[in-house]
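So that you can tell them apart, the chains are marked A, B, C, D and E in the order they are listed, and the count of residues begins at 1 in each.
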């Protein structure tokens, strides 16, 4: 019996030792999990590719320069699959910190997973750049090591109202329809508040299930409320379906602005249904942020350079998840360079003070009650337009970044 | 308001027919071999991708490609049967549940690796028809028609061909069928093959209407459970009727209550019917 | 039905494993063992209904979710400490199971399995719409909640030892159930429900009680897990896939005995951990898990422990 | 003498680890009615399952028209013309009477003569003719037994095996079944019968075997056994 | 009078399995039930033990009406039975099988008591050497003994034996008959279905014959055995057999 026990214990220890456990002393280890499987697979992959591009560029110059040490540190990644599920996030982040000796962390994709990872980062006092996580709620929970790259959910759709009041002050009826998911719901709840504050009439405020495939009757319901604008959405699949069916049902509204879906390049597979749909995006290749219009100090490549480099590396034009991934690396790099140190506290201070503009937009963090929340960056609005018989994304908002004028109203396309 | 109701009914019927087709394969397999095929959803997703790639690379209209998908499905299903089910076909339910689930893991695992979970859509615009203020896209009407055609085909197959009759005989009494000279192993494999083929067919048709990922089959699988329980086990027509009921529920209920409650309603119906009349609402027995 | 010696080696072994992270101070080990403990508890408690009674509860994760939500709600809105909140979560799950059991346990075989999937999905869809518990957005802890437990670092250790306690209690309870008159009745139901009833077993009541018992522990596990995770969402709390993983673990180790469930959970957790981080397999771990599951179902239906214990009578006593 | 249609030599088999049959030898000559008698649990049904191939044979040999069929699958044996009318009828309840009959003619051999066999079967059982479109499961026990026999005939059998055809039937129907067997015998159909109704079967049979504890304990012509006290003892007690 | 069955009728989808069956069992007696296959004997046992609801009639046990009680409560009151098609709890050992009977039947024993009780009963039926074997691994005669032991372990007042002799060889039959007699000596009332006429004639105090769901005869064993209706049911109509026999002779 004792033998059996010792064998079992031995097996257990052996099993725990499996997996590489080295970490270079002369390298900067950046740890994160990504969703190689499960429902976040595609967004997470984009984000990862952006991050990888950044690392490649940094390492081609020999790494990040750390002033106090006086030399460059190349960047290495340690990452695991979190399966888009919360189960292992904490285990893997703990492993990244304690076993893989990660110096800095990047968040997983999605707010839910980030929230679980944040506890670990906070507990071990590791700086974590949160990208792909737009929720506001993580940032009033007392964390002091988590820094958000995305514009938070509360400001995602508010600009749609600003656009509307600018182009058509008479349009006052708004239908807000959204996917019943964490992200969409928090975005739309804030949008509703903002709309009401601005004097709009919210004629419909209703959620649909994430699994919804058929919107026909829902669209009939929307039609009956005669809105001027429809805003909302959720993720890609539902947004795409919804758009397709709006077109099929020939719904006559003036503005359609949806989360996520319009920003994804595959949206163009919808053909004419995609035309004139607008949507907020964290970043677009055509966004004309430049050194000239920047409200703060510029850092890193231009939009064009980033887009081209990405296209060269992966064969297609990047979306905002990729840009978010790249930006997370870039901001971290800037913070280390500013701090001149890789000590957490120094980097943290640099991040607190940071106010820069990059190809991705302005970056500045809240240091008050919502510590770490992104306050500098704002959404750009894109619209699908026709150019030479082809569907193209144009940036129409904010005006300083626009690549084309908004085509209004939406029903012009019928 | 009247037009809203009419629209809901019409699109409910069209969607319901598709749901029905999606459930028929599950129901056939359940009825014939008493196996709940937990890889049903994975095969639906495979059907979606088959249709997508045929449209994209062979420039084949999904409404023609669907016949190819059907043929492929039969072969794939039969292979799956021999690999994963044949050995345990008489074992307790748990074994067959887990075996089919493992098939699903393999398909979805490989699918995620190869296709990623990037959403895809087949861009096929065939115009639309307007009925009393409701616009019905042609693709939807076509999927409805095709669903009916495949159901009728299955009926013809099961009731008019020797192979079909053999499958029915096997479902009623395996030993007796064997004594009549039916190769029951092949009959079971064929039944599984057809069940899988119909799942893939439904996927191929759904892909013309809705965007999808490798994970999209899961939703149809869960709906298929509801449909099978509504329509009664083993009956293809029951599945079509169950699908119609579900399609109408989804469309009509939405007019009155918040859309986000629909899935709750569906699963509550599933559990309720199972408790009250486990053989299915429309079943004779 | 001998006295059995299983607990005499199983519990000490478990305690040794639990002590490893504390002694070595290795937080990586702690996280690993935490997950092992969690899986062990889930598998051992599922085994009460699946292995002892023979009912395939496919949507068993619903009780983990219910327990998680009850506890989370109490902790976040009423400031209840983890321990009472956890017990409340367990009781909530057990009550739900008992009530549900009276209705769905009439179904046998695959119908029961489908019904439990339906229950899980229905509850998930409902919670998605209930705004007082956060609806689709879920609930978040404020980081300061961990201050009550002496800061986040201590809170995580605390949740680790709590989980260990739950695991030990679960194993002992599952073992005692198996060795009791109640357990004998359950196993009679598993082997032949009609024969059991004829012999005088009140199958209806026994099944409901077994269902409640097998829901109680997952309810507590849910409470501890989401306490540690810091947030709870319907998608994570009622994840059907995890339900099936639980069955996988029981099958892997061996149906119907405590050691089997423990071994299954252990092997599964390590296997998955290995596949996830191994550079060769990490892209394909899901497909590989599928192949392994299929091989087990086809060629080793009695599971690892079942396979071993059939070898000799002595082992039968040690591996119950 | 002609070679026997069906021959069983030294057959042993059972379920799991439990052996039921311990070396059975038996012959069914062409054109004859051969009967197997025995108490419940003597192994009659097990023997038939081994002959039709539902149960694998452990040891021994089964030959059919001189061909070794010991390891053929049941459906393969059926296609050779070895046809059993199973105990408890085993009709297909959700199929119509017509479909049940058609299923009887499933094998390639039988399909060729489907029309003639159908006419023949229906002429034997005119009552079935009136109910061709009825679901078989809704018929009475007697009618189902008729259907089962008719379905067996549809297979164009080279040997027809009856497993307890009178089980659960009212006396009048039992007689009808035996009259049918008598008629088939007159037409020269080779048959193997397992029956509990000793008198009726012995009155009809050419040759009979008595099984007990998985062994043949007695055999002889119908007349010989009819007069044997031993048979009476086995079934009625002294 | 321990058991009273009045006008019990049960149909299965149009097929009448039991039709107005009425009889009584006295305390301590052995009542044998005979009848051809399909006569409704097992259905009658199911009605008494409560496996299904009867369509009509009344069952009274020890003065208490039990018509609507579920089977487990009837078992608790002291009705135990064996099954014609044995129902061993395959993955439990022989002793555990018997303990189920002891724990949940009339005896309502604790686990420890049940174990002793089980060993005792196993010795009584001659299975003591197999106590640790899994029930699924027993052969048919052993499984019959196991059924018997399980029923006995519950300390029943009435035991229903469904063809416990079928499939046994003469040696086993006689040893089983000894067991049955020994049970009676314990004061347990026995209701037994049997095909082996000489056996049932040998042990029964009274015999009842069922044919097609009806009681056709009841009384002392020899009287029932000689009842023409019973003889016809068992052997078929002798006249008809004779006629066919003669036809054959004539042709031959």
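Here is the rule we go by: contacts are C-beta pairs under 8 Å (C-beta built on N, C-alpha and C of every residue); 3 or more make two chains touch, one makes a residue touch a chain.
Since the model is a prediction, treat every value here as computed from it, not as a measurement.
Please give the intersection of the contact partners of subunit A with those of subunit C.
Joint contacts, listed by label: B.
If each step moves to a chain the current one touches, what is the fewest number of steps from subunit D to subunit E?
The fewest steps needed to get from subunit D to subunit E is 1.
Would you say B-D or B-C is joined by more C-beta pairs in contact?
B-C
Which chain's centre, taken as the mean of its Cα atoms, is farthest from the centre of subunit B?
E
Hey, how far is the Cα centre of subunit C from the one of subunit E, in Å?
Each chain reduced to its C-alpha mean, subunit C and subunit E end up 44 Å apart.
Measuring from the mean C-alpha position of subunit B to the mean C-alpha position of subunit E, what distance in angstrom results?
Roughly 49 Å separates the two chain centres.
Determine the centre-to-centre distance between subunit A and subunit B, using the mean Cα coordinates as centres, and give it in whole Å.
So the centre of subunit A lies 36 Å away from the centre of subunit B.
By the touch rule stated above, which residues of subunit E touch at least two different other chains?
none
Can you tell me which residues of subunit C touch two or more of the remaining chains?
In subunit C, residues 125, 128-129, 283, 285-286 touch at least two other chains, as defined above.
Hunt down the residues of subunit B that sit against at least two other chains at once, touch-wise.
109, 112, 258, 260, 263
Run through the chains and report each pair that touches.
A-B, A-C, B-C, B-D, C-E, D-E
Using the touch rule from the top, collect the residues of subunit C that touch subunit E in their complex.
So the residues of subunit C touching subunit E come out as 1, 179-181, 184-185, 187-188, 190-192, 194-203, 256, 313.
Show me the residue ranges of subunit B that touch subunit D in the complex, using the header's touch definition.
Contact set of subunit B toward subunit D: 162, 165-166, 168-169, 172-173, 175-184.
Note which residues of subunit B are touching subunit A in the complex, please.
1, 3-4, 7-8, 11-12, 15, 109, 112, 116-123, 125, 128, 134-135, 137, 206, 209-213, 215-216, 219, 250-252, 254-255, 258-260, 262-263
If we count contacts the way the header does, which residues on subunit C are in touch with subunit A in the complex?
9, 12-13, 16-17, 26-32, 34-35, 125, 128-129, 135-138, 140-144, 146, 151-153, 156, 228-231, 233, 235-236, 239, 241-242, 266, 270, 273-274, 276-278, 282-283, 285-286, 318
For subunit E, which residues are in contact with subunit D within the complex?
14-15, 36-38, 136-137, 139-140, 163, 166-169, 195-201, 212, 225, 232-238, 240-242, 244-245, 247-248
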